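Worksheet: one structure, shown below.
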């Protein structure tokens, strides 16, 4: 059975208490809003994309620890990376957040790649709390949207 | 417990098979329609009222044995009577058709008056079949309405 | 392979152990409502005793369980009717009737304007008539009726003229009065060929035969849990995900919104947009159990069995009761299901039902919420006997015995 | 005199024997939905195992019984709320939300025209907001909000201005977020004094205190069975018989008509005009049992008990958890009921509910379908704990223990 420790890893609480890349960007390539009607979480992603590289990212908004930590970790993981890498990180994260009906241990879904993405693997435990998955993925869905918006800008 | 014999007295079946006063009147004082949406029973009452006397009554329509027998018996009971008597008969009949929550035997509600109204007392058993009460009272409600209509004509 | 056995279903159905006036019950009113098996009743009990909570916005254990039960029921019902995207296409309503009102007020109001035609049939239940009349009053649409032939089937001779200006053809799979089985896939194709969408009233079908919305190629399907061994208080509206996404909200309130401000609101997406307020959660648990139970019986086996019983019933009714009982509906068992509208010579349907009750036989007298059909055949009412998966040949024998007594009593 | 004992209610409520994560359940989400006692569950079982049949048009024994159960429930619910004419004033809907939609689409559409004002309050549940917004879109009515004061009560300073042009004042008896108890009778009088009718959302009231529509002098009252120990899938719309008689039909279909022809229909009279299709029959049996159960407890005793528990809860929450828990709502227990919206310093309500779940404590995080209220107080969400007649002092202790752990975890 999943316990609270699976959800609230120390590193997650740390990101919640001290979120990285908070704030707005003055001249973003894209400014994209995300919204989780279920719990009222709101998020704004600011991106600067230049020459295929996600040069800068900032975030504002409010939400629960999982959504805040996830967005903070995400910003740290993608900042400065080429968009092709960013897309791969997004894909890996999303597949980590997929419920395995056969009861596979979610930790097993943490690919070596994801481990090298740094602290993101700490969010693997969220899958054991299906209602919280949306909290964890809000930032990532908004980022995907923001990258599309940036491409169109 | 109520049995079918309580409902389908021979006299009722007789009125059903050979209804009295069937047909239309050429110059009625009132022509009034009654309708039971639950079972689709339809009835038209034709009255001739002169000098406070219900001189003639005729009925058309269709319905179940109870509604047909009740209307036939009613027509026999009221024809030729002063309206004041007719109203009393209606009242007595209606009170006979009232369900007694305390489980009083409905036959006990058959007043001596009602017995003198002739065959009507045979309908007392209907009260034991509450869903059929509407069948029995349709004609009487329509007659009440028709008398009002005649007064206005 | 299933090993369908109606006696087994009978044992599973608690109400069938009842006695009526000292006789075992002979339940022949499944077209009005079916009797739920113990599995359905117990599924709701288990829900209330172990998992009840309001759905959707919970975090705690039982709220998650209730949500899983409710959304699980949605998906399972979707799969049961062959929905391509089961999680996202099934809307829970309170009954078939609300489902048709949803169709008329949401899709209809958004897509139909004055002069557009909704084609229904003369054999429709009021649930598939009155909502269109209401839309006619509001918007000036036209409601056209496919006429019925003397053979108790749809008269489709003039197909092209019938479909002129039609935007939606809304018809029943099976008549709840005549038992007539309509050629659903062919009728849907006719609608599509004429540029119209097609809605199917599956209320009389879904508990008695396999239902596959893809095989039908239907655009909308409506039915009720209580006619497929499930509970009261729950209906189903199905449509393709793409159509559902385009439909404006119907009832307003909690659960169907993404946001509400004092100056307006934004509706939610998906089926919940049409599920305002606390939904029928226990009922969904009951329907899920009914779907599993029916699947366990095997719908093909049920259909085959009820067909055989229909053949027997038609024979029995024709041969017994001195020929005084007429069955209003198709003669051929292949064209119909086990719904028998009886016209007993010289005895009003109300009286037929009353005498039958004395024998413990449950049949329904009346217009069966299909007054246009009744008018078409010049009937005020019929006494309707109808089959379910728990009906036995013996039930038919009691019916005939009681009909004989009826005829005798009324002479 | 009743001998109300919450421990007795607890024993009567099967779900309260459940364990969550190895701990006994601490159910504090009655504002979302109450837990039904065994008597309610068994009443529905009895219905399905002994009496189920479709209602109204039957003649046979079980159809009569089902009708008696259903109509009996109507009358009993009517008496329970003090309706002057109980048989003819109670309409069964699927929930409070449908009841408000019925009010808006039937009475509202018939009586309101462009420019007319419906006055609601900033503390309303979406069920009493969105239907009016929908009517605004369709008919151009104005929806006006009574503002909320910093004391979490209605701000009625500008009564005359607020009521300008108002045809209906529709407000909640008790806020499902703040617990605020509104002065219903006084508000109804204010509406009447200004020539408006008054509708009361009694969803949070009817299971927790005696409800008397005559003492309120209300014109419309809406509530849900599942918030008064009853089942899901059933709501109540009450109005005076004279108003009911004047209201046009809402949903169309079977049961709500007197006649249907191919060229139109005539609606039925009485409550059934608003009950299209097969109604929630088993649910009505369940609600009837709930009404009897509540009556047995004695609503005054329940109210008194929950009031005492509210006093305790407010004290406990103020004194424990290092002052890090703020209760969003009136300070004074006399002005409120046992609904506590908690704001835990530094911890998001979602996380509060998550940690509490680990302790078996069921509270609801979110906007509670009252977004205008949330905006008013600058909140995205709260974690709401709420009481029922089965709540014990011990439940509050577990709540406080779990809140302490929450605060500790988040540092």
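Going by the order they are written in, the chains are A, B, C and D; count residues from 1 in each one.
One rule holds in what follows: contacts are C-beta pairs under 8 Å (C-beta built on N, C-alpha and C of every residue); 3 or more make two chains touch, one makes a residue touch a chain.
Computed from a prediction, not measured in an experiment: that's the story for all the values here.
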item	value
Contact-richer chain pair (by C-beta pairs counted) among B-D and B-C	B-C
Farthest-lying chain, centroid of Cα atoms versus that of subunit D	B
Approximate Å spacing (C-alpha centroids) for the pair subunit B, subunit D	46
Separation of subunit C from subunit D, taking each centre as the mean of its C-alpha atoms, in whole Å	31
Centroid spacing, where centroids are CA-atom means, of subunit B and subunit C in whole angstrom	38
Between subunit B and subunit A, distance of the C-alpha-averaged centres to the nearest whole Å	79
Junction residues of subunit A - those touching two or more other chains	38-39, 132
Where subunit D touches two or more other chains, by residue	21, 57-59, 257, 259, 350, 354, 365-366
Pairwise touch network: line, ring, star, complete, or other	other
In the complex with subunit A, residue positions of subunit D that touch it	21, 347-351, 354-355, 358, 365-367, 374, 380-381, 409-411
Of all residues in subunit A, those that touch subunit C in their complex	35, 37-39, 130-132
Subunit C-touching residues of subunit B, taken from the complex the two chains share	1, 3-4, 7-8, 13, 16-17, 38-42, 62-66, 68, 129, 132, 135
Residues of subunit C touching subunit A in the complex	56-59, 64, 67, 257-259, 268
Subunit C-touching residues of subunit D, taken from the complex the two chains share	14-15, 18, 20-21, 25, 29, 32-33, 35-36, 40-41, 44-45, 48-54, 57-63, 94-98, 100-101, 104, 122, 125-127, 129-131, 133-134, 145, 224, 226, 231-235, 249, 251-257, 259-262, 264-265, 276-283, 350, 353-354, 356-357, 360-366, 369, 371-372, 375
